[in-house]
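Structures given as structure tokens follow.
Across the two complexes that follow, chain A remains constant while its partner is chain B and subsequently chain C.
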Partner chain A sequence: MPTASRDIVVSNKLGLHARPAMQFVDVANQFDSAVTVHKGGEEPCDADGKSVMQMIILAATEGTPLRIEADGADAQKAVDTLAQLFESKFGEEE
Partner chain B sequence: MEIKKGIGVSPGVVISTAVVLDAEDLVIPRRRIEADLVPAEVERLGKAVAEGVVDLTKLRDDVTVQHGKEIGGIFDFHLGLLRDRKLQGDIVNEIKTNLTTAEYAVSTVMRHLANKFLAMPDRYLAERVKDIHDIEKSVLRKLIGQKHEDLLHLTQDVVVIAHDLLPSQTAALDRTRVKGFATDVGGRTSHTAIVARAMGIPAVVGLGNITSEVSGGDTVIIDGGRGVVIVNPDEEQRVEHLEAERKHVRMEKDLEALATLAAQTKDGFSLSLQANIEFPEDIDDALGHGAEGIGLYRTEFLYLASDHEPSEQDHYDAYVDAMRRLGGRPMVIRTLDLGADKYTQAKAANPERNPFLGDRSIRMCLHDIPMFKRQLRAIMRASVLGDVRIMFPMICTLMELRQAKMVLNDVLEELEDEGVPFRRDIPIGMMVEVPSAVVMANQFAKEVNFFSIGTNDLIQYTLAVDRTNERVAGLFCPGHPAVLSFIRDVIRAGARNSISVSLCGEMAGDPLYTLLLLGLGLTIFSMNGPDVPEVKKIIRSTTMEHARHVARRVMSFDSERQVMHFLREETRKIIPEAF
Partner chain C sequence: MKLREFIVPAAIVPELEATDRDGAIRELVTSLAAAGALPAESVDEVVAALIKREQNGSTGFGKGVAVPHVKHARITKMAGTIGRTVNGIDFAALDHQPVYSIVLLLSPDNQPQQHLQAMNIVFSNLQKDTFRRFLRQSGTREAITDLLDEADQGK
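On to the complex of A and B.
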């Protein structure tokens, strides 16, 4: 099984709050690959990228470094697309 | 095991399985289930979540149409959480590993999640805890809602535990299966108490928070005589209460023997003991207890028992059914007396600020003549089949009475034109239940064929006490000298104008007041069927002379304390076991 991963930093002001978390999960669910989001820092933890509950519990505020990992046939495409969401700040800022 | 003390409002003892209604605050106590019930609980959870998703989707779409995508999007997060496989997985795991009900599992998992939110350093995210509570509630409501429906199709005997029973809920109960009530709030004259006494099943009210301490499936003892509820009793208590239950049944049996005997004092004065009913089916039981007729048929239950307003035919069918059961005995049909109850207020477009002083009862009927006429037509059509009488509730002014009679006259003319037979000289009466009607009783007596004193409302309006408000319910007292002199005045006005006077409030069925009412000259007592034997026992054990003496003494007192004390002493001499 191919795997892929990418490190990103949460850059939108309000962090990974309800709406971006939903957006992330909706996109993640479009892929067959399993998606895991790993939070580093002082309190590292993992979230299932297809569960909005776990994503929101990450409490990823602005500046939090995250690693997006995918495991499955479309792993690379999943990671690229999901990372793009963070880069566009979930369409929240100008 | 837990013993709770409340107000016993209907005697008897029952041990049965609890069904908990209307847990609005959604406190879900832990309850273990047997391992073989796990799949059923998981299925209930799945169904509740699916229903929640449907509701929420509709809500989101409606909100989006009305307020735009931005606002509607708020519910996307709710929906996302509700559909979350991980979250559902956690709840299912909770059911499986800890063997709990779906409700408890939802509650546990969601509260755990809520705590995680609260612990977040980010204020904005911590705020989302409200969403978690919202979702928890919507799923729980669905789970509890499923149980609600089950109340209509009970397969075993149960006792109903509720915050306060609504008329619409009691109207929908499977009466053959419900064996007792216990509620958080209420008093002796609350709806729960009235229904329980009419059904002849034990009830304890005013228990505080019984709904949060009992969960569906618990074994509960309800001792209506002592006002005690025991949750999950131990063996010793079971035995003790089963014995008490048997004793109660024996006492009931002794009283039942009175059913066929006349309601006559030792010195030969005959009284008429009648029953108050809500459904025609109540009649069999009432007659079994020795009632000689129906002094009050509360027709509002026709409205409460179904989700649409009853048609003329619905009314007619109910009245015909009632008369068939009565076999020629008299029946007083009270026209619709709705309005100030939670049921109509909840349905009203603009709930009234002061419903007991608002558009209720006869006022409501006079504001909706077509509805009023439907009921009057049905009563008149049924009038040829037996001894039917018609009674208007809540009459406050002569104009109201005359208006109501005018509507009735219209109905008679219509029926005559249509060639439908009816009884032209049907007796027309009114409830005397507001102070203005008491004060003007002499004038009213010239325009009706009978009075019926409705003490529940009369006391409420005289003493300005809402009997369902537990903070002031203690002030609600039939023995208040002002109430008693009102009752005396109405009975006198009736006698002076040669019209009959009955009393159909709770007071008529309370043996404590029997001697007094007898002595004041009341000749017709209308009460809940199961109360008939005890009242009859008192009547048969006394003389009119003694009752008059009691009444004279009571009317000389100036406080309800003296009244109650004296009546208790006097009544205890006749039925020591009741006090």
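On to the complex of A and C.
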């Protein structure tokens, strides 16, 4: 199975709160690949990118480094699309 | 962060009278105001903000729990409470199941990091089957407060 990953940094001021977490999970669920999000920094942890609860538990604040990983046939497309959500700051800021 | 740092025990409602989502939110915010966690004159505004938040996307994340929350300028100090209902309330939850336990969180609008830390500890516990089961079984304010203490001590 192909895998893909991308390192990003949370750049929206409010961090990965419930709304963006849900948005991320909604998009992740559009792909067949398994999606995992690794949080770096002082308190590293992993979340299933298709679980809203786990994504909220990441408590990823502005500036937190994250690695998005996907494992499956559409892994590269999943990672590219999910990274784009962070790059667009989940539509929260201009 | 620990649950007892922001959950106001005096505002816990072990048996909600409300039978619908908006009523439950109002009952819990009113209870927080009665406990002194926010001014009574801010209740309407905060309730409206919480309901608007629910309309934008349910905080019923599944497994019988909902976490209505809002960051609001009227809130000066983060405060939360818990409501229980044995009959279940329709929260338009992601898994389409009724909600039996509600954790409501009010945060100041200028402290997003503190808000995320509080959500982290709330969901870390709600994700545990044992915590959810004990919460559903805790019929008094004291029992719920004890459960929070045990959760904070990592039991």
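Details
Everything below uses one rule, namely that the second predicted complex is superposed on the first by the 94 of 94 C-alpha atoms of A that agree within 3 Å, B and C clash if a C-alpha of one lies under 4 Å from a C-alpha of the other, contacts with A are read in each partner's own complex, and residues count from 1 in each chain.
Please note the rule applied: a residue touches a chain if its C-beta (ideal position, glycine included) is under 8 Å from a C-beta of that chain, and two chains touch if they have at least 3 such contacts.
None of the values given here were measured: they were computed from a predicted structure.
When the two complexes are overlaid on their common chain A, residue A:D48 makes contact with chain B while staying clear of chain C. When the two complexes are overlaid on their common chain A, residue A:G72 makes contact with neither chain B nor chain C. Under the contact criterion defined above, the residues of chain A that touch both chain B in one complex and chain C in the other are 14-15, 17-19, 22, 52-54, 56-57, 59, 61. Interface of chain A with chain B (complex): residues 14-15, 17-19, 21-22, 25-26, 48, 50-54, 56-57, 59, 61.
Contacts from chain C toward chain A in the complex involve residues 56-57, 59, 61-62, 67, 69, 71, 94, 112-113, 115-117, 119-120, 123-124, 126-127. Interface residues of chain B, counted against chain A in their complex, comprise 73-74, 76-77, 80-81, 84-87, 113, 116-117, 120-122, 124-125, 128, 131. Listing the residues of chain A that touch chain C in their complex gives 13-19, 22, 52-54, 56-62.
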